[in-house]
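Worksheet for the structure shown next.
Read from first to last, the chains carry the letters A, B, C, D and E; within each, the first residue is number 1.
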Amino acid sequence: MFTLQELKRSALISLWFVFLTFPIMVVKVNSIEKTVQWRWMNVVYVLVGSFVLSLLFRYFLYRKEQQSGEDEQQGDNTGRSLIHRLLIVPKYRNMIYGVLLGTAVVFPFLTSSYQVNIMTTALMYVVLGLGLNIVVGLAGLLDLGYVAFYAVGAYSYALLNYHFGLGFWAVLPIGGLLAAMFGILLGFPVLRLRGDYLAIVTLGFGEIIRLVLENWGGFSQGPSGISNISRPGFFGIELSLEMAIVYIYYLMVLFVIVTIFLVNRLQDSRLGRAWIALREDEIACQAMGIDKIKTKLAAFSLGALWAGIIGVVFAAKTTFINPASFTFLESAIILSIVVLGGMGSIIGVIIGALVLILLPEYLRALSEFRMLAFGAILVCMMVFRPQGIIASIRRTYTYKPRNRDEA
Amino acid sequence: MDYFIELFFSGLSRGAIYALIALGYTMVYGIIGLINFAHGEIYMIGAFTSFTVATILTILGLPLLAIIVLTGIAAVVWSASYGYTIEKIAYKPLRHAPRLSALISAIGMSMFLQNYVLLAQTSDFLPFPTLIPDFAFMEPIAHIVGSTDLVILITTTVSMIFLMVLIKYTRIGKAMRATAQDRTMAMLVGINVNRVISATFVIGSSMAAIGGLLIASHIGQINFYIGFLAGIKAFTAAVLGGIGSIPGAVLGSVVLGLTESFATGYVSSDYEDVFAFSLLVLILIFKPSGLLGKADTQKV
Amino acid sequence: MLKLENVQSGYGNILAVRGISLEISEGEIITLIGANGAGKSTTLMTISGVVRCRAGKISLNDEEIQDLDTDAIVKRGVCQVPEGRHIFPQLTVRENLDMGAFLRKDTKQIKQDIDYVFSLFPILAERRNQDGGTLSGGEQQMLAMSRALMARPQLLLLDEPSMGLAPLIIKQIFEIIKKINEENNTTIFLVEQNANQALQIAHRGYVIENGKISLTGSAQSLLQNTAVQKAYLGI
Amino acid sequence: GLTADTIKIGVAGPHSGDLASYGLPTVNAAKIIADKINASGGINGKMVELLIEDTVCKPEIATNTATKLVSDGAQMILGGICSGATKAALPIYLDAGLLVISPSATNPPLTQSGDYPNFFRTIAPDDAQAQLDVDFAIETMGYTKIAVIHDKGDYGKGFAEFAKQFIEASGKAEVVLFEGVTPGQVDYSAVVQKVKQSGAETVIFGGYHPEASKIITMMKKKRLDATFISDDGVKDQTFVKVAQENAEGAYASGPKDTSNNPLAQQAVQEHKDMFGTDPGAFFENAYSAMLAMTSAAANADSTDLAALKKALQTVPVETPLGSITFDEKGDAIGVGFSVYQVQNGEWVELK
Amino acid sequence: MSETILEVHGLTMDFGGVRALNNLDLDVRSGEIAALIGPNGAGKTTFFNCLTGLYLPTKGDIFLYRRDKDKKISLKGLKPNKVTEHGLARTFQNIRLFPMMTVLENVMIGRHCRTKAFVIGAFFRGPRTRREEEEIIEMSHRILEKVGLSRFENDFAMNLPYGAQRRLEIARALATEPVLLLLDEPAAGMNPYETIELVNLIQEIATDGQSILLIEHDMKLVMSLSDRIFVMDYGKKIAQGRPEEIRLNPAVITAYLGEEVDA
């Protein structure tokens, strides 16, 4: 399968990697005691490892290029991969949804509360991903500060609960609306920025919100955070921890369903079309009478709305929050979910969230290599499937003759 | 007034530090339109390589000047190699992919490199040897501008001028500009686009390596995580100055450094980053393509 | 000079060029005509290596070039005025022209050539320090043509050079094509919607339909061919 | 089946990410002791098994970690490195009735609020240290103008706020500056200039050694000769190593000197033998916590929370920190603090 | 007929040193096909950009008369989307479709400014919204039929042949129900055969009473279609009149045509 030339090339590459990793992996100095440790074994690992990996890497790249004919082609609606066909035919689609829903319902009965707990987290990220997908995937606005709205939601609940004893259900809409308001407030001045300028400004906003929470101790209790936040009530019944975990899990399942339903509607609406068009060509959009600012604001604040709602759930679930949970990295993960899943595709985002959130949990077996592997997997997934796991499969409109005589 | 001057120079040298990293950021962004989140990690690797090499050379008992020069060379060589390799692995296969995919790839790369150094070296903070001695002639103003500050300021200025000349007047610079604006057409006028992109990564990474060496010796400590915040700040600075523009990166860095310094000095360092980011937002609202960035001229 | 044998290429799963064979000898002007989407631009892009050649052979001066990178092909004296002009938007007119001469080292001669193209298109001279991206459509087209001339190619690939130009300038463009062909012995491969005018100056022509060559012959014979007249000349 | 013969101890803390350096030494301490116990026949015949789980010091991940440890059958928990993450996870452990001993979570309410009866720690809470440092600055050194700086983290800022409160309460000195610095920032010269401007005679810093060494280095560079007083996050040999000669003369509070304690020396030696390096932050605390936990389990011959608590509160354990028991709330008795100073590159206890 | 619907006074547009439009006066009457011609760089596209709000003119006034609403609207300084709402719609010299949307969807976007549903409508999809959606689709389909693109309806815009893309731009603009349709070089890049089809299409649209202002370099097309022609050079209007007058105008010949053209 591999020609001699390929092997030779890999050999060269592995030598290159030995050179590359030498000062980091082989040498380890102790500058105090002035000793140097030479870990020659690592040379062997690198040599062998990079040889094999480079062969694999190029083999898969080659495969990808061969296949690109089949699915990279964006324009063609027919002849797509199996999964696309499955998802496009309503009968199959409903079947898949049915199976998924069934699994989701029985899941807590089959697994431990740990599994349920991380699945809840994953579902929260599904919703976050779907929310950000409105902003990034549909409207094409690169938002690197999405976590700010998540924080707004979480702190709304934490503070309202702490000061006024307001319950989960009361704050849920409040948190969402507050976040949406923030979305409008922040979006208004910056939405005329293009592409990456918008990205950095949103990143800045995300950081500003976190820093304010961190420093304004009188308001947010600063870095030590707020603890003992109430869990969601269940008709006034006190739930045990186990029960509470399962209860929140089902809540999240419900939220996910509602979100999918609503996001689907958004996507197939006049507004959704305008977002997609805006993503494709702003100038043409304006020339077609679309109010750029208003439409973008709608996307921005709707995205924020979901983040806010999930923020409330987050606070209720962990019962403790502090600003450390709302760093840029969090935004990066949510963005990765959207891109990895396949921008603009609902199913893709769901799969992306499940993969990215469950992956680190299941990578726990790798212990300290966990984040190393996570980084590497992100890179590989992008390299080998740049359009995401499931590239956008938008329902496209078709004209069905109505009110007309069949002549 | 003294206080003002002290703060001014504090801000200036902080700006110069950001600039060393921002220059590479802006170059890479300029050419492939990618926010290279792994750039901060290249800087970190430059610092680690410097650390290793400098320590070994110190053990060997070489004179200080030789140590500085050799360490600098080693840092540049390895950082540049990392930059080159990263581009080949994580970005080149994504040339024709949606831009966000490359962004995620960059974020993944950044995580990978952090943890790679964490595992291969250590999670602890390591003392970085003082490579730049206190110059005697600086003593009278040492409480305002230190020797390291001076070296950093000079290096930043020289790098900026070097890069500006490179981009404006040399063949490779011309090729870079062409590649940045229209890759297909750049190929059609005979530019080897792959080589130009690699060269950009190599040059940008070399800047980061020099930054790693100088900044680490300024701060006196390194660990695997130093690239993250520095990277974000440098990126902010690059955008502030108008991303893609070399003098813009330096100006943006200095403005950012000064803002942070004055915010700390006259308000509170609790909110220095809040000031920094607010300034960014304000400037971008009024100058949507940064201080020195070219407005995006789109003819319809 | 240039020979295509059974060349296939395309985008994704679309095969736009489905086995084209053609030949150009040195000093010739040939033209490729065909309907929209027939694969004309793709053919040019494949020759210059921007679109990968999937099958078949392309040889330039008896050397196979189908696997070379674009810059290597350009170095062998091929130059293209691509469809859509591809002006470097943030370089000035002057810098765009310089970029056309990227591979040349004869500074003096380059200066002269710049003066020459400015004399051909005075409006460009007026706009010499304006960013390429802000030029009007026609000005951009002139600039694209001028930039190609700056490369002093052996083989010039022109993709609809008259698009968007005023009638007066169109005439001039065709004159220029003829002139550089005669004076510099530049071989020219011309793709035009304006088939009538293209055939007026070409020596030979090919007709492409659905990615395949359907007809070939001298320019005269094509002009007289009734099928061609009906489909492409609008007569 | 197996559970009968093993005692599972969960080790939770940041093992990756930016705070890994605070979490990994605890893992090492746990491994060392577990190996030792298992080599000598286990706890009353039961082998010790470690379940090592990463929290990245993030509350939301810490809760996942906690539920995982609970469902994996952990019977005791070593850790919770950061107070924040620990706080988030504690209700889950409490619900499952697991003992938690932290080597480093210093936030006072963890014990003082009484919300977490299952929580113990082998480190003193922040308020105790702050009191000590403030007394030292005012009473011993006689300073009247004090700048209080912190790293904005829960630990550093908590400490700094206590310090400020105690200084103000003393009535003898004045807080001329109270500020946070951003950890990881490339340069602290502006804040140092500000300290200088404020005319402070000393800086009390709340936070960890990386920032402390940057600040003290910058203070020396800017020719500022206020003294530097800090907390146990700084009283670490790394601080001296990193700040080198700039560290000379700095003060910090820390657990009473135990370097003469043979157990402490032994612990360090064991670490060197097993991992080939010097131990990192909170190693002694972790080592002690692990010892206290395992011997409590041995004494109680059970991992039942009530029994363990009783053992911890009544039976003293010999640890690198000295002989310790725990009070009602869960703080270790006997992990007192002293003030240290860097003299000739070593931390020396001031008597 | 012959009521003025668009009136431009002294329109001037400067780009730094370049005066792209110089004191331009122009008017378009209801129901006519007017053409704007001139050498490359004369300022024709710039004129369209000023009309549609993409550029803010340095000087001058633009008025749109809507007889149906009995209103005179000043378009100067309005945002592009407002201009479109008031009734100017355009195509672009360089095609600007939404490439990853289908042909039908492209036209549906054109209906945006004539419809209302927003967030609430999207969420609840009440009967009003549903009716509106149906109307959008119905209407878009009819327009596509009219321009002869209905067989491409479900193809992505990027996959259309060039000529069809140009038509699609026209269809999209028509969907906004413009008072005046602005076409910027609609025949550029088309072969003679397609150009003829385009002429027929424009004529057909015009017979429905649609007023059109078009820019074009193809003299055959201009001469055969237009009721009136405006000629620009260096930002100024150098001539105006009926085709047969323009064809013989010496100023126009030297500046633009080069020689007499035969239509």
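The rule is short, and it goes like this: a residue touches a chain if its C-beta (ideal position, glycine included) is under 8 Å from a C-beta of that chain, and two chains touch if they have at least 3 such contacts.
Chain-to-protein mapping (UniProt): A = Branched-chain amino acid transport system permease protein; C = Amino acid/amide ABC transporter ATP-binding protein 2, HAAT family; E = Branched-chain amino acid transport system ATP-binding protein.
Given the structure is predicted, the values throughout are model-derived calculations rather than measurements.
> Just to be sure I understand the contacts, which chains border both chain E and chain B?
Per touch definition, common to chain B and chain E: A, C.
> Could you tell me which chain lies farthest from chain B when each chain's centre is the average position of its Cα atoms?
E
> A-E or C-E: which has the larger count of contacting C-beta pairs?
Counting C-beta pairs in contact, A-E comes out ahead.
> Report the chain whose CA-based centre is farthest from the CA-based centre of chain C.
Of all the other chains, the one whose centre lies farthest from chain C is D.
> Point out which chain occupies the most central position, where each centre is the mean of Cα atoms.
The most central chain, going by mean C-alpha position, is A.
> With centres defined as the mean C-alpha position, give me the chain B-chain D separation in Å.
35
> Measure off the straight-line distance from the CA centroid of chain A to the CA centroid of chain C, and report it in whole Å.
46
> For chain B versus chain C, what separation do you get between their C-alpha means, in angstrom?
Each chain's C-alpha centroid was found; their separation is 42 Å.
> In whole angstrom, how far does the Cα centroid of chain A sit from the Cα centroid of chain B?
Centres of chain A and chain B (C-alpha means) sit 28 Å apart.
> Chain A: which residues touch two or more other chains?
32, 74-76, 215, 283, 368, 371
> For chain C, give me the residues that contact two or more of the other chains.
In chain C, the residues touching two or more other chains are 134-136.
> Quick check on chain B: which residues sit in contact with 2+ other chains?
115, 122, 126-127, 270, 273, 298, 300
> Can you name the residues of chain B that touch chain C in the complex?
Residues 171, 174-175, 177-178, 181-182, 184-185, 187-194, 294, 297-299.
> Okay, in this complex, where on chain C does chain B touch?
Chain C residues touching chain B: 48-50, 69-72, 74-75, 79-80, 82, 86-91, 98-100, 102-103, 131, 133-136, 147, 151.
> Which positions of chain A touch chain D when the two form their complex?
Residues of chain A touching chain D: 32, 112-115, 117-118, 121, 214-215, 217, 222-225, 227-228, 240-242, 245, 314, 317-322, 324-325, 361, 364, 367-368, 370-371.
> Quick check on the complex: what are the chain D residues that touch chain B?
16, 18, 20-21, 24, 152, 179-182, 184-187, 189-191, 193-194, 196-197, 209-210, 213-214, 217, 221-224, 238, 241-244, 246, 277, 280
> Give the list of chain B residues in touch with chain D in this complex.
My answer: residues 3, 6-7, 10-11, 13-14, 17-18, 115, 118, 122-127, 130, 142-144, 146, 148, 215, 218-221, 223, 225-226, 228-230, 233, 260-262, 264-265, 268-270, 272-273.
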